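The two complexes that follow have chain A in common; it is paired with chain B in the first and with chain C in the second.
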Partner chain A sequence: MGGRALILVKGLPLPKHHIFTDFSCNSSSAKLLRLRRNNNSWGRRNFSTWATNGSSLEPPDVPRLAETARISLAPHEVEEFAPKIRQVIDWFGQLQAVDLQSVEPAIRADTQGDNFRDDVPETFENREAIIAAVPNYEEPYVKVPKILNKE
Partner chain B sequence: MASTVFRSLQSFPFCLHPTTLFRRKNGIFYCTIKGKHSQTATQEKQTSNVKVSSHPAIKTLDKILKDYEAIIGIETHVQLSTLTKAFCNCPYNYGSPPNTSVCPVCMGLPGALPVLNSKVIDSAIKVGLALNCKLSLNSKFDRKQYFYPDLPKGYQISQFDIPIATGGFIDLDLPVEFGGGHRRFGITRVHMEEDAGKLLHSDSGSYSQVDLNRAGVPLLEIVSEPDMRNGIEAAEYAAELQRLVRYLGVGNGNMQEGSLRCDVNISIRPIGQSQFGTKVEIKNLNSFSSVSRAIDFEISRQVQLHSQGQGDQIVQETRLWEEGAQKTVTMRKKEGLADYRYFPEPDLPGVILTDEYVKDIHNSLPELPEIKRRRYEKMGLSMQDVLFLANDINVAKYFDATIAKGADVKLAANWIMGDIAAYMKNEKLTIDEIKLTPQELAELIASIKAGTISGKIGKEILFELLAKGGTVKGIIEEKDLVQIIDPAEIEKMVDKVLLDNPKQLEQYRGGKTKLQGYFAGQVMKASKGKANPGLLNKILLEKLNAKSS
Partner chain C sequence: MLSSLQPPRTLSRFPSKPIYLFRKTSLKPLSSQPITNSTLTDQSQSQTHSQILSIRHSLLCGQLTATQLVESFLTRLRQTEPHLRSFLHVSDTVLRQANELDEKIKRNEEVGPLAGVLVGVKDNICTAGMPSTGGSRILEGYQPPFDATAVRKIKELGGIVVGKTNLDEFGMGSTTEGSAFQVTANPWDVSRVPGGSSGGSAAAVSARQCVVSLGSDTGGSVRQPASFCGVVGLKPTYGRVSRFGLMAYASSLDVIGCFGSSVEDAGILLQAISGHDKLDATSSKQEVPDFTSQFISLNLLESKPLKGLRIGLIRETLDDGVDSGVNSAIRGAASHLEELGCSVSEVSLPSFSLGLPAYYILASSESSSNLSRYDGVRYGNQVTADELNALYGDSRAKGFGHEVKMRILMGTYALSAGYYDAYYKRAQQVRTIIQKSFKAALDEHDILISPAAPSAAYKIGEKKNDPLAMYAGDIMTVNVNLAGLPALVLPCGFVDGGSAGLPVGLQMIGAPFDEEKLLKVGHVFEQTLQNCRFVPPIITDDVAS
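And then the complex of A and B:
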């Protein structure tokens, strides 16, 4: 079910992980991406697509979660994380138990709307800095390992 | 060369005419894309078609195909022609130097927050309404997670469980060449999302290249109900969507540039069976004719497997259409459903629409293709004319403007579809680029109808106006082209021609009456093409026959 991997990313100290399986990750851009993940407000939001199979949620399949998030875990790390993730899932189990019969489902928790922008082009002035942070760039393209038909 | 499967496709029975394949090459889809097929290619097709239909094995397959039904659904991605990307101010222009239109938002850099372009909402509502959908006044964006090098953020901002529009339909008319007929296909949903970058494969094949200009460009994904039954219906569905986005002005619908992309799902089942067969997806369809041919090929392939007891070889997979080989090939087998781990996009607020906002957009919608076609039909035009004129919004506008100036409907249609279309094709111009205005076309038609100029002179004036502009009245005056309708004047010219051609006159009177055409030509020439042809012939005949008795 969607979302489990997020908890893994958000709630725990991050082990070494790869942004793209095929990318080498020793560059500054990888650090930026890692930073982004930590700064993100994922956990605080309301997940409307959360599974609702009663109070007993399935135990986490940690190796699979790690794979979907492109995180490499050693066997001892899997063992270490499993109970911690289990704890978080159990907490969601408690939330599931709340009686919401009379409550209208919310699409978004923080809906204000009308937060649109006009369709007016503006060129970002510091493009060089962005390009400089790309791990592997060969003018004018971002260079990546050969892509096989795999998603 | 072609396998049995491919060859059998050429006499595919779902098509209404045996010449389907041949015809299709001639741009039957009324699509506005430029036809790339040369005459030679057409000839080749025709020859092989004829050869193949007499093949005994093919007849058997034709028979088998009749026992099956194909179920076809299409997912279409329409790129919106906004000036900026969906969630950042980066300008988007097709063909810009790679990686020049990027910023922290579309590159997924930390701290950058997306803000929705209002034009994306406008366009989505327009398309939703035009497709007769129910709009969600309260929807949201979701993250679809997957890892791919053309997706800098590691997720695509899309809409998952609450798309902006659902449950609509689209009406279209099949081309007369395919037997015609009206069709209504269901629309499951329309949702907003962002495009990924473009992945290029280097020639050496040792690495790939990414251009992120397209990353973050707004798309509408339009999902059809599985209502199509053959390649023609599917191609016409795609062509109608193209027409719709062009009429609405929300996208250019250009398939070659990838502004309109179709992924097709196909399954077959024996007629009478309610359970669906295994669904196969086809990608890489970049023209209407490839949509049509790929589908017909795939139906044929699946039916053959099924009828030979090899139905288990039809697996859930994505296949690519190979234009060169004219066949579909395995791209990847699906190993269960991909887990995209959707969840609501935390960086964007919900999308809330008011009834008033929707109503305003509804009131601003142009006349849509289906409505236009029905209106043209009511004006008495043939379906062939209707489809031609309504195909391209600019042609339709031109036609509408011409008849608004009082031009005869059928004559206006004939001029536009005949000489004007031919001129545009020769000169590679669009109707907006020709110098003849609708006003002058109406004037020209009226002048011919009133007898001021002959039809022949009318044509000459037309070509002059097309190339140089100006007015009908101006050219008539300048070149002294007013038709001669004075019988006395014509009589004088006839007399002179008869006098100048005594030998031919003698032959005519001796029984060689075919020479009438020769005399008529001489008189017309003498009048510089201005003599009224009816009068000319009447007077000429009288004179020719009068003195012979």
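And then the complex of A and C:
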């Protein structure tokens, strides 16, 4: 319910009606949507703390990471993920103790590669099949919902 | 009766050697034919032979039609699949393709070296007109408009794609429990995991649901399941095989690899898929030698066939934390190599343990970038939303599973401004150290050996909720990906567990582009290994009952 309240405060049109018409066939989608909005506000709030704390090695701020990675996480997922991610990141930290002065980074395996072909565009022969896989298509455009918000 | 057919002893296209057609019960349909004394006698031979060569031989000699052959596999597949769940999709055109092949053979037309060979393909490798989901809900129902280069090559040589095998979602996992669709069971004990992420491909070959299969190996995803399922798994040198059509997880580490029930089959499959591809700039122009010409049959082997070969046993891989049964199987394998004429000495790779965190930093970071393509806009499943960012976020939230989300989030963290130097760059520096230490060890030795995993197959659910315990199981394999080296895993012994014991795999690591040596040594090892038959009970029990 908090999610819907938030949407109403933001003044988006017909949130209740919208949610329950478009998502009534799939209650989990509706739930995800509500929770996502909750999250974003949480993410932003935490972000301010994050930013003022400078660039020392801070523990991961999961809502912020989820927003950056464009994955809508429900609050219970954030609670579930946070300790696990923190545990793994702590474990990553063991590399801080290794003396790596003057060691060059290797971007990949030291085998052969970089056999670039000429930079000439080629038309994929099965173009129709690629377009057929687009979930929402209106010749000649891939259709997506609005990109700009009023806010 | 199929098992009574006796093929002639030579075949023009391949080196002549005795071939035991349908030596294994595995090539017979389950239960439809009673087991006989003669079949049992055949099975008592412990040598492992190439199924691909047997198939080619019997097809060309007219002793078996492709239709009969394919039907025997499909029957077994149908009977074992409810217990194993190795396949996410089984092709409905297999019989038609077999029929076409029979017509070709009747007309005396040339057939390719993989004619009639049923190939399982890991579901993160694209197959035109066949579902390719990567084990993820976000691609449920997706059918790519193209074949991966490896798949295209297999088809051109006559291979038949039998279906798409189960995996941990996008290759992220070590048990195949991370598939969005089903959990695959180990054919040696169905209460255990087959390993992962290519668990479906390994289980399918182990249970002889197909002849060979393709997997992918980013941190051990071919080698560890090969060890758990008692089959041969080959991870080629980075760049040996085109990655075009492989759903990218960590592009600097990913390779397509091969599973077979014999070293020879794995080598023949590697031969088929190797070589430069203009669609993958990281694929190498290095010449591809004939991997299949060097397999010497057992009766032609000298008493010390591997004389002079220098083997290094990696000390750090037999430390505490490695199962004692695995430890003794690997030491037994080392003695066996000594008996074959090798000189075996211990070698230390001091940076070995650093490989694990470095691997997980690099793989997570690269995956967070690679998986950004799954946004629900151009393909895959889209959640309806009233605004674009919500469409991305909700489609990805609904489409990705737990482990994938976790790795994307960890990778996003490691690549964040201010953290990049501390994590991603440091991991790349560790990669340099690991590459150098392998190079030094391989200057002194022809081949390095180690276990492929610290234990044999464990129970389904055992490590599911402990990411660090799961990651620790990859210690034997990730360093090899960081260095881009080729490695062959082949069954070398058993530990207690299940009704028939659980297989243990020996990992052999070679110098870049030296798959040839690994296959040669692996083949001699396999042919001379006594008293070990790596045919799982799910087949033999059913046949006996």
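Here is the rule we go by: the second predicted complex is superposed on the first by the 76 of 151 C-alpha atoms of A that agree within 3 Å, B and C clash if a C-alpha of one lies under 4 Å from a C-alpha of the other, contacts with A are read in each partner's own complex, and residues count from 1 in each chain.
Here, a residue touches a chain if its C-beta (ideal position, glycine included) is under 8 Å from a C-beta of that chain, and two chains touch if they have at least 3 such contacts.
Bear in mind the structure is a predicted one, so any value in this text is a computation, not a measurement.
**Q** When the two structures are overlaid on chain A, which partner does A:140 contact: first (chain B), second (chain C), both, or neither?
**A** It touches chain B, and chain C stays clear.
**Q** Return first, second, both or neither, reflecting whether A:68 touches chain B, chain C, both chains, or no partner chain.
**A** both
**Q** Who does A:92 touch here: chain B (first), chain C (second), both, or neither?
**A** second
**Q** One more residue to check, A:120. First (chain B), second (chain C), both or neither?
**A** Once the two structures are laid over each other on A, A:120 reaches chain B alone.
**Q** For chain A, give the residues common to its interface with chain B and its interface with chain C.
**A** Common to the two interfaces on chain A: residues 22-23, 32-33, 36, 68, 70, 107-108, 110-117, 124, 130, 133, 142, 144-147, 149.
**Q** If we count contacts the way the header does, which residues on chain A are in touch with chain B in the complex?
**A** The touching residues are 2-6, 19-23, 32-33, 35-36, 39-42, 44-49, 68, 70, 107-108, 110-124, 127, 130-131, 133, 138, 140-147, 149-151.
**Q** Give every residue of chain C touching chain A within the complex, in rising order.
**A** 142-143, 145-146, 237-239, 251-253, 276, 278, 281-286, 354, 357-358, 360-361, 368, 372, 375-394, 396-398, 400, 405-406, 408-410, 412-414, 416-419, 422-423, 425-433, 435, 467-468, 471, 481-485, 512-513
**Q** Which of the residues in chain B come into contact with chain A in the complex?
**A** So the residues of chain B touching chain A come out as 82-84, 88-91, 97-104, 107-111, 115-119, 121, 138-140, 142, 145-149, 154, 160-162, 199-201, 205-212, 331-332, 338-344, 346-352.
**Q** With touch defined as at the start, can you tell me which chain A residues reach chain C in the complex?
**A** 12, 18, 22-23, 28-29, 32-33, 36, 55, 57, 60, 62, 65-74, 77, 81, 84-85, 87-89, 91-92, 94-96, 98, 100, 103-117, 124, 126, 129-130, 132-136, 142, 144-147, 149
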